[in-house]
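Here subunit A shows up in two complexes: once beside subunit B, once beside subunit C.
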Partner chain A sequence: MRKLHQFHGGIHPPTNKAQSNQTPIVQANLPSKLTIPLHQHVGNSAVPAVEIGQHVLKGQLIGCAEGNLSSSVHASTSGMIAAIDKQLVANSSGLPELCITLIPDGRDEWIELDPCLDWLECTHSELRLKLRKAGVVGLGGAVFPSDMKLHASQQKIKTLVLNGAECEPYITCDDLLMRERAAEILEGAQIMRALLSTEEILIGIEDNKPEAISAMRAAVLEGKYQGIEVIAVPTVYPGGGAKQLIRVLTGIEVAAGVRSTNLGVQCFNVGTAYSTWRAIRFGEPLISRIVTVTGNVSHPQNFEVLIGTPMDELVAHAAPLNGTRYYIMGGPMMGVPMPSMQVGVIKATNCIIAASKEIFPPAQPALPCIRCTRCADACPAELQPQELYWFAKAKNFDKAEDYHLFDCIECGACSYVCPSNIPLVQYYRFAKSEIWAQEANQKAADTARERHEFRESRIEREKREKAEKLAAKEKAASAAKTQRTEQPPTLVKTDVNPEDTLQLKIQTAIDHAKEQAAAIKPLNTEQLTPAQQAQIDEIEAQRARIREMALAPVADHTKG
Partner chain B sequence: MLSALLAMSGIAIALGAVLGFAAIKFRVEGNPLVDKIDAVLPQTQCGQCGFPGCKPYATAIAEGEADINKCPPGGEEGIQKLANLLGVDFKPFGGESIPKPKAVALIDESNCIGCTLCIQACPVDAIVGAAKQMHTIIAAECTGCELCVPPCPVDCITMQAIEESAANWKWKYPVYALTASK
Partner chain C sequence: MPGFFSPFITKPVSVSQIMLNVMLALIPGIAIYVWYFGPAILISLTLASLTALSVEALMLKIQNKPIAPFLKDNTALLTAWLLALSIPPLAPWWLVVVGTAFAISISKHLYGGLGNNPFNPAMIGYAVLIISFPVHMTHWLSPNGLGAISLSFMDQLNYIFQGTLPAGVKLDAITMATPLDTLKTQLHLNGQVKEILDMPIYGRLAGHGSEWVAAGFLLGGIYLIAKRIISWHLPVAYLTTLFIIAGIFHLIDPTHYVTPMFHLFSGAAMIGAFFILTDPVTSPTTPKGKWLFAFGAGLLTYLIRTFGGFPDGMAFATLLMNICVPLIDAYTQPKVFGKKEKRS
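Up next, the complex of A and B:
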């Protein structure tokens, strides 16, 4: 039996998982339309790869990954591209983002896939490229492109942690996935293990999911896997946080500003392992995921949902009840309210809670902080939430950073225990985004300063070069003059100033032109035949006449 | 008595030599305060302060010739930072110096005649173009100083306010009801 460790703090909110984990995963029906955002992942937004009116097949690439840190987006079913425009999406800002609207044709026809019967024959870079092309991202909520995390770093990765803790209340999608698709999760984990060259795989599952634990253990035995251990961890929120789970399983404490990979541990969600297997073995891009639909519905359960399915159409499958005011994406602790009920399911959507007044009563009025430090007792990151609150409230961001604001995982344990009902996490989010904005501004200012200084120095340099050129020219001219007249130059200035030399330059130019004019003779006037000479003489005579006429007074002419 | 005098003057001479040497050896070029002030200024190079750029304004502040509330792009936060840096009181914006929302210049490319006047006016080289060729703004480098707007002979440059989007969105300062809604 492995010795388990503990992390600081944590809370025990009602889990509310039993409502939705009683029935198996159900395939959700094809919706009337799919709204697929192009920015569902960490990093750059994908770039549209289709046109309006184009017919696409299921699994066809519709958004190309842009840059290194980005991910592809695929058509979730076959159909027609109806629009590429900005629409409300499942994000916390509630501001529209670029989406591709797909009207399904009902045939659900797959594009030709590129399966890989034996992935052991593929090189590591081929496997990573396959994952990148399939748009596989972390499904635990962070949606970080998985291929980026599967690089064997300089530091040897000793342990691969598969996160099946699912600590947040209401959510059961990982629970059901582990119960029903354990073997495939383990196959995905094998691919991850190969890519990272790790020895052991630790699968952490909270002990309130006994079915999932036994299913995973059975799959390990059945597949005769070596070095994979399924570990039941105590149910404490937020035990599913990556740092917290690593701490519990390995005893390693990931310090501030340090990545777990530097300590030899990498962590993935079980759903990501499943998608990795599907992407490598069958060539299937990430176009669907398991979503828990719960809250104010009469049949809370898990669905396998196509990415882009409008949330209200999905919730309709779970027999919604009256009184739903809005949807929450994620759990009650860290989830965000959706700007609209029609927004599409994205890769990060693990749970949709239909929120009614009964389930989520309006927040109690916030009272002043009494410095009871219950929040500090609950904080899993061992921060001082009450201090951070004061600093964020006073917009004293430097101080907040000194108190390790960026180690806050926004789990909400502090707000949960706060007797004054202070929305603490909102303050931390506010402070974090202000600090990021300030950093961006500072960066922009530094670039502007650099560009301005470069411009100034360039103008200065151009001026100097011009003056030097002029001085050199003038020197040469005067030297030539001296040679011709054999007289010492009358005017040679060493420190030349453009204003002074202008006059001189003009005079030199005029002189030069005169000299040239005197030197030049028409080239074709030699060796003329007598006839040509006669012609020229005639023309010259005519010219002389015309000149005379022009000079003669014209007054008579006008009168006549 | 004499030995005491000699000792004291000896020490004075030795220390004087050390100080004199240090003054030459560790001489600081320019005024370090100017750089510190310049680091706080937003580097729009717009000249709204009445000086031809951020550095000249920083120099003027350092020499006590200019007030700290003359930089609208820096906003009140900028004034606060300058006040903290210089150990003086916060001074609100006065008169015409009122901060405007952040904006970038936009050239109406169909009307641009390619005169290069805006290129010459841009303090951060954020305009690309050549004589008799259409010009365009590199929006990412534009500081929103508006210096390109007046020289344009065909008035084809406008300032576009930067709107809030999902990319630059920030979490808002928490505002909550003091009484529970019924």
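Up next, the complex of A and C:
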């Protein structure tokens, strides 16, 4: 038996998984249309590669990866491109993004694929290129382009962690995927292992998924794999967070802002391993994924869903009940409310919960914090949430940073246990977004100041040049005059060449500007991972609302 | 969907339930109190509760804060109970009212209300009373059977509200100093611990009757720990500190220093350890800080009891340590995930 490690805190919310994991994965029907966002991943948005009115085949590239950190987007079925415009997408900001609307022709006709019978014959860069072309991104929720994570680094990466923990309540897509497609997951993991040159693969699955654990173990035995271990980990939320799972399996703590590969570990979701296998072996781009549909529906279950399927059309397959107010994408702990029920399923959509008043009763009005530290006891990042709350509420952001605000993974465990019903995570999101905004402002101001100073010095220089020219002219004129009066010429002796003074002054001004630029501390925003950068944009949109809350949370009582 | 955000679920636990549980945990101690000292304590508990609720409502109204949610949080009631249990049960009604009103209005609401008061309100109430009305604060009831006369419930009511005793009964006949007070006085008179403890007001470990009340609070405290309402760190650290310090002195000179068990089961040590120090608002939040806080309170309790001017030191020890809480918290921040190893 492998020795498992614990992480601090964690909570045990009702898992609510039994509703949706009783039946096999069902292929969802072809929807009436597909709304495929071009920005479903961390990094740059993809650029449209098709035109309105064009007919595309299933698997055809419709959005080209732009730049190093980006990913491709493909047609999920064959049909006609009906629109390329901004639409509401599955994010919490509610801001429209560029989407390609595809009307299926019903033939579901594949483009010619480029399968690979023996991937061992491919070079590593060929494999990475295939993954990049197939638009494979992390399916655990982070949607980070997988090819970027599959570089063997200078540091030896000993362990590849495969995340099948699935700790969020309600979600069962990884559970079902592991039960039904264990062999393919392992094949994908083997490709990852080869690319990273890791010694071992540890597959962490929470012990509330015995079927998945035994399916995966059977697949390991059947495939006669060496160095792959399927490990049942305790069911504790957020045990499926990458940092927490790495800690449980290896004892290694990956601090905020540190790359796990520098500590010898890389982590992928089981779904990503599956998609990796499909992409390499069959050349299939990532055009579908498993989505749990649950909540206020009579037949909660898992579907294999084409990317871009409108959520309401998908939920219709699960016999929705009355009283659904909105959809949550993800779980009840970290999921995001959807701006509309019609937004398309994206690569990050692991679960759709139809939320009703009965399932998620409205939050009770918040009382003041009584410093009971239930939040600190629950915090997996070992923060002091009650202090962060205090500083965030007082807008004392420097202090919040001192108390490790940016180590918060926003898992929501603190809010879950708070007896005063304080929406703690919202306060941290607010504080983070305010800090990011401040830093962006600061940067803009610095640039402006630099420009202004340069302009000032230029104007100064031009004035001086003019004045000197004039002086030289006058001098020349007066010299001519004196020559005419036949007096011996008296030379005006200047120690310094006026041209030199000029150069010196300009140089000083530039140096000054440079010094000022150097004096500015490296900002937090400069070290952001692209994932965080993406969050900034989302959180930005929430800020106004949260700010109101921060001003007068207690005043809510008067309404209730 | 504006107005909705994760997490969408919360644990069904509220401040109100927590405080209610703490009050439930006081009941064994109160029941034993009534058994040994008669029902007068119930009168002070009721008086204090009514005062606390009225003053709380008034303060909330003045500040334009919502009244119902705060009255329902049970914190004012808990303060009232803790204060009432610290006052002699036979104290005149206005003593309880003044103490409670001060605790709720000045030491809680003037500092911002729930969650913002730096000092334990019940202990502030107690401190104000013992400094302002020292005489009234020493008229403790004798346990049943020990006093010359025991009063009926009606007589007790009469005394509390009218200040009149039945004809021929003197106050001294029904009240006595507390075991801690008696010990202190007798030691001053050059008594020896052994002889003093032979006096009838002492029982097996500490005061006759009061030691069982302390045991009742201990029982309630264990309930709170078992239900995870409070963590064990504070009470255990406090009682251990008190035990060890008292033990050291007792070992050095048993004729002048009573046993450590005497200290644990006397005065407010038990109720303090489980119900007063553990007030989350006024105690540190960090694990290390809790140890420091409890250690300081244990040390101060012993020092005040043994060398100070008051018979019991729990209240002042608590208040003195309350002052240190912000400092303790600031200097005991734990290392966070992934940042525990010292960077060389």
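Observations, loosely collected:
Just so we're on the same page, the second predicted complex is superposed on the first by the 443 of 560 C-alpha atoms of A that agree within 3 Å, B and C clash if a C-alpha of one lies under 4 Å from a C-alpha of the other, contacts with A are read in each partner's own complex, and residues count from 1 in each chain.
Simple rule for what comes next: a residue touches a chain if its C-beta (ideal position, glycine included) is under 8 Å from a C-beta of that chain, and two chains touch if they have at least 3 such contacts.
For clarity, every value in this text was computed on a predicted model and none was experimentally measured.
Touch criterion met: A:Gln426 reaches subunit B and subunit C at once. Using the contact criterion defined above for the overlaid structures, shared-chain residue A:Phe397 touches neither subunit B nor subunit C, since it reaches no partner. By the touch criterion defined above, A:Tyr225 reaches neither subunit B nor subunit C.
In the superposition on chain A, contact of A:Asn91 is made with subunit B only, not with subunit C. When the two complexes are overlaid, the chain among subunit B and subunit C that reaches more residues of subunit A is C.
In the superposition on chain A, A:Phe7 makes contact with subunit C only, not with subunit B. Of the two partner chains placed by the overlay, subunit B and subunit C both lie in contact with A:Gln364. In the superposition on chain A, contact of A:Phe406 is made with neither subunit B nor subunit C. The contact surfaces that subunit B and subunit C form on subunit A in the two complexes overlap at residues 92, 363-365, 423, 426.
Interface residues of subunit C, counted against subunit A in their complex, comprise 1-11, 13-15, 17-18, 65-66, 68-70, 73, 75, 113-116, 231, 280-281, 283, 285-286, 329, 333-340.
Subunit A makes touch with subunit B in their complex at residues 39, 89, 91-93, 95-97, 362-366, 423, 426-427, 429-430, 432-434, 436-437, 441, 444-449, 451-452, 454-455. Note for the complex: subunit A touches subunit C at residues 7-8, 11, 13-14, 92, 94, 169, 243, 247, 253-256, 258, 325-326, 328, 330, 332-339, 355, 360, 363-365, 367-373, 376-377, 380-384, 386-387, 403-404, 407, 412, 415-421, 423, 425-426, 542, 545, 554, 557-558, 560. Residues 38, 41-45, 53-54, 123-126, 141, 143, 164-166, 168-174, 176-181 of subunit B touch subunit A in their complex.
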